[in-house]
Amino acid sequence: MTLEFALVVQAFVAAAVDAAGTVPVASVVGDFVEFLSPSNLAGVLVDGLAKAAVFALIAVGLTLIFGLMGVLNFAHGSFTIVGAYVAGLAMVLVASSGDGIVTRIALFFVAVVVAFAAVAALGGAIETKLIRPLYDRPPLYQILLTFGLTLVIDEVVRMVVDFYGLQPRSAWQEALGTRPDWFRENHEFLGLTFEGMDLFEIFLGVVVIGAVWLFLTRTRYGLFIRAGSEDAEMAEALGVDVRRVFTVVFGIGAGLTGVAGALLMWDPGWGASVTVGAEALLPAFVVVIVGGLGTFKGTVVAALVVGLADATMTWWFQNVLVTMSWLPEVVVFAILVGVLIVKPRGLYGVQEVGGH
Amino acid sequence: MPDDDDAKPTESGSSSEAVATDGGETPPAERAPSTTSHGLLGGTLANLLGGDSAFARYARSSTAHAVVLAVLAVYPFVHAFFTNPATFNVVPVLSGAPEYWAETFVAVLPRVETMVAIFYFGLFAASFDFISGYTGYLSFGHAAFYGVGAYGVILVANGKIPLLGSQTPFMVTILVMAIAAAVLAVLLGLVSFRLSGVYFAMITLGFSQILYVLFASWDFVGENPRDGVAVLSHPEGFEIGVPFVDALNLQIGQLQGDSVLYGLDMAKLGFDFLGFIDVTVDLGGTEVSYYMVGLVAVLGYAAMQRIIHSPFGRVMIAIRENEERARAIGYDVYKVKLAAFAMSAFFGAIAGGLFAGFRRSVSPENSLYFLVAGDALLAAVIGGFGTLAGPIFGRLFHISIEEFLSKSGSGGGLLPWLERTLGEGTMTTETVGGVTVGEGVDTFLNGHAELYVGLVFVLFVLYVPNGLLGTIRVRMGGTVAGQTAARIKRWANGAAPTGSKSTGSADAEGDDD
Amino acid sequence: MSADDAGEATSGGDATASDVAESVDAPLLEMEDVHAYYGESHVLEGVSLRVDRGETVALIGRNGVGKTTTLRAALQLTPPREGAVRLRGEDVTGEPTHELAHRGVGWIPEDRRMFEELTVAENIGVAVKDANRVDEKLESALKTFPELREHRNRKAGDLSGGQQQMVAIARGLVGENDLLLVDEPSEGLAPQIVQTVADALERVSDEASLLLVEQNFPLAMDLADRFYLVDNGRVVESGSTEGVTADDERIRRYLA
Amino acid sequence: MGEELLRTQGLEKHFGGVTAVDDVDYSLSTGETVALIGPNGAGKTTFFNLLTGSLSPSAGTVEFRDDGEWVDVTGFDTHETAQAGIHRSYQVTNIFPTSTVRENVRVAAQAHGSDTHRFWRHADGFEEYHEETTRILDRVGLGDLADRPAQALSHGEKRHLELAIALAGDPDLLLLDEPAAGVSSESVDEVVDLIRDVAQDHAVLLVEHNMDVVMDLADRITVLHRGALIADGEPEAVRADERVREAYLGGYGSDDDPATADSPTEDAGDGDGDAAATDGGVA
């Protein structure tokens, strides 16, 4: 845990140094005091946790898949948008304007289940039909294949969306419109103000990541997955049908990002749109690599690091260093580069990863 | 052996051939070329190509390249010829309306302007293959170098770079930017080459995305950096050729390229009686760009090809094949990788410079974004990873599919062709669910070329893992140029088609395609 | 030995007394003229052997002669290119490995192959085939190896080599296996620990047949009823371990 | 027997708590063919890796006589020890698979010239490497297969190529790690003949399990057991050594083994020095 702290501190120092060049020192101190005020810190914290929740939801599937079968799934971003559209479609079809917040949230969870199931089925089919023949080849081919699938899936989604005229604007407003009003409003707790959507994202992130963690640690199938990730051959020799576990994990991993997609559909910062695929994929890659490919714990920690750093930088560059408001976008990749320089295998990475 | 191999830049090694010949497997017939079976012209050619002189070897090994270059040299004329209805008025062989045939060729043949894009991006894809395909280190952030070249050209033209005024000759700018990219590659490589595999790919991706965000947001670049930046203070086209020598410089550009009217008037030269060979060549801006951009791309390719075959290039291949052993036999692989990365970045930046010089604008999305490197990867895999020329053909293939399947501007493609060919009646016919044929066609073809490119790509990964050129190589048993050379030699010498294995392979050692 | 296992494992000693319906006379494991390769490297050049019910059979020979590969070939982890592997008379060549595991073949591999991030209990749990009996099986394993009890919730990677070997054997035991393929159980262990492992194997051999690869010659002779001496991918000697010592000329030639 | 070529002093290597190589003083002279033997996990491959620099020792030094001068090569990287004249072959065939057999050896020969940085002239234009390659390929009997891709060779032929690559650049010392590994019983004699031939003009240190091969080739046998050097001398004498027999046949039931008595529990890490060495090779 010390290292990521060091990194965050490093980022702060860098920011401070940058700031010193452009703004008078006294004002920086003032800004820093402002930043440290409880309301600000809490706001940044919640913002960061919400971002972390989204990153973690997308990245966890990626890391599960890599941990078990050593496949870096480039199509993960495309799975996310399939989830976003499927959930959006479900919401648009079922929700009516009169529904209250409770009904809407309940319906949303139905949509989450639908998105999970649909994307998991897609993932499972892709694993058995397309990726399985490639396990004997160098890992590059699996990367290439999933990269190609991204083009195909994105374009199919575009065709469907075009054909049904779903998307007049860049983000699908109708789907976004099924979001309860409470989510777009600010709410006060204990004298601090939070946006509803942030809280919901944190809630869903905790629930889903917690559920995955319980599945992995408390169920028999989860045990097989963890055993297979460490030594697939040994697990096979103990009677675990590792090939089937591969399919299941690919399905679950894809399904989880489908859930993330459902959440993104309601987040105006993302929205249901084809371009979200690449936008979601990149931070997810960063999170997975920073955490150490294939480690669940590393991924969750890295999501927190990246999410919080992103939120912190966003605050600084939006409130103080307005001339460099673009810098937060760099932070994500700067963390990637920084961690890889210090720890070439990521925060929790081990020497050898991959199941076979 | 009698020849010395320094006399000519021989592509097929004389010594390897010497070894094979000394190996005693060469049939005696090879020494005495027989002309009987080839006729007079064939006999002369056979004598020229069949021998063991440095020239003959060079000619043999360069045949494949020469053929490709020849096709490229005449392509604008071929394109003009086949897409002109007048052509089919005078060719009675084809039935049907001349317009129909011309339109069909418009739909099928890539436009000349498209070919320009294939040249510069093909060079970029080749530079990506140079590092990724030959050392095995996937440079997923290669777009950074393309972007440095592209942004460099535009920024210099806009007078944003100190010491390089907006009137700096294009050739100088592009060279400076290539060197800058090479330096950048060394800096990034110092860190990145401590990693391997996925981690290397990701850290280079990280670096390039940082550049992407920087250039997409930095207002130094231009007024609206996210949308990109265009040439503002350099109204004339960029010139390719010899700097400061007007006569040897030609402007390139989509709209403002030089046009060349070249008339060969024999009478003026005092050869009245040769009037029948008077020709007039009229090249528009696009055609001039085609030749000039093509020239730089071909030179860049040739240079990389040369490096691949040098002792240095062989070490790159050794690293790809088995880095541990390469180190164990005494190579400082870290340095070799750094140098190779720098060279690759150098050519990548030249490609980016050509791109910006031709388009006269650049945006973060089309130069620095990671999917630009993804496109290079696509081209490399389709064309053949680790074949250098393959990625160029891969890009041609990719863009041809894309053009054929999308309704773009003045060009052809399947959609307009179908619309014209099927006619209004068919297009408005309703099919299942009240959807007309036209709507159906539109849904599947209009602007969805990426789908088909993706499908083709997936099929390549699954079933043609060596790519186009790689597969041909496997079929031929060696590099295309090398095998072509071997076949010519066998033909010239009238040897049996099966030939002597050792000779063929020795020739094959020489060359990539 | 835990009572509940007795019914499923071929109960001790005498194989011919078995009441199992399937091919009574067929040996438990039979390998016939098995050829196996790693890539192009021809490692097994026609290995034939059999293990009967209740037996402990040792494979001995120098490093690199193909003993481990013989076990891997039996498990189909390195599928034979030629020859046949039969389990209770039934040809299982080319079957997936997990299928063999479900037919009662266990593997206690070289280097122990712990799931290092998993706890001892989880390591053992993976090997239990009946999901409803995980706790019960774990309990019986801990009874057999009491020294593991206090470590049951520790990560297996943090255990000592000897303890890991116990876990590996326990994994073989809880799988209700009739046959255990045991690879170099004493390797890398101090002599006192070797004795403990030997005792454990002795206990296990009451419940299952063992095919044992062991470099420690006296240990191998001690545990096994019969032996096969392997050299260059072939069986060169075989027989009862009765009265065989390291001074035996045929043994000396291949071992020392 | 020539002059001293390589010496180690107090060489040690620990992996976690496991001592893979334990205080080894060792010396080897030109003209010698020495076999390094020992049971599994004795630390043989680790010892090799320390000599070539793929591992750096926890303690001790390795010195090598290069052109008559003693050079301390401790901590050298593998490419530096290779340049100094220590070449090795690998237990698991470790070649350049899709390159031709000729190129496999040629690129190794090129490593010992000064032309690697030349990126403009064609690699085949450097006559000296070709001549050396041809000489070596003829010597190992691969001359006729020179233009095949290396991966198309049979396993036995690959073992020959493995040696050919190590021979390129004319090393002073050849370290051969199980040169007969995986070679079918019929072809072992060929490998033995080849090594005997090579040993005429190179100092050779080989790890080998096949005792027929060892007895056939070695002038001297060194025995490692649990990382320590327990015997070193004439083959017959070593073979008769009681400690060696003990090491090979196992100390089961006897607690008098001095090398092990003081290590009551093995560490969780890995008792197998060879395996650990492979893992650590990346570092």
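So that you can tell them apart, the chains are marked A, B, C and D in the order they are listed, and the count of residues begins at 1 in each.
The rule is simple: a contact is a pair of C-beta atoms (placed from the backbone, for glycine too) under 8 Å apart; a residue touches a chain by one contact, two chains touch by 3 or more.
Note that the structure is a prediction, hence the values are computed from the model and not measured.
In terms of C-beta pairs in contact, the better-connected of the chain pairs A-C and C-D is C-D.
Relative to the C-alpha centre of chain C, the farthest chain centre belongs to B. For the pair chain A and chain C, the distance between mean C-alpha positions equals 45 Å. In whole angstrom, the spacing between the mean C-alpha positions of chain C and chain D is 33. Note: centroid distance chain B to chain C, computed from Cα atoms, is 59 Å. Computed from the mean C-alpha positions, the centre of chain A lies at a distance of 38 Å from the centre of chain B. Those residues of chain A that touch chain C in the shared complex are 220, 223-224, 226-227, 230-231, 233-243. The touching residues of chain C, counted against chain A in their complex, run 75, 77, 96-98, 101-102, 106-107, 109, 113, 115-118, 122-123, 125-127, 129, 131, 134, 171, 175.
Note for the complex: chain C touches chain D at residues 38-43, 45, 62-65, 111, 157-162, 164, 184, 186-195, 198, 215-219, 222, 232-234, 246, 255-256. Those residues of chain D lying in contact with chain C across their complex are 39-41, 93, 153-155, 158, 178, 181-182, 184-185, 188, 209-211, 239, 244-245, 248-255, 257, 260-261, 263-268, 270-272, 275. Of all residues in chain A, only 72, 130, 133-134, 137, 139-141, 143-145, 147-152, 154-156, 158-159, 162-163, 278, 282, 285-286, 289, 293, 325-327, 329-330, 333-334, 336-337, 340-341, 344-346 touch chain B in the complex they form.
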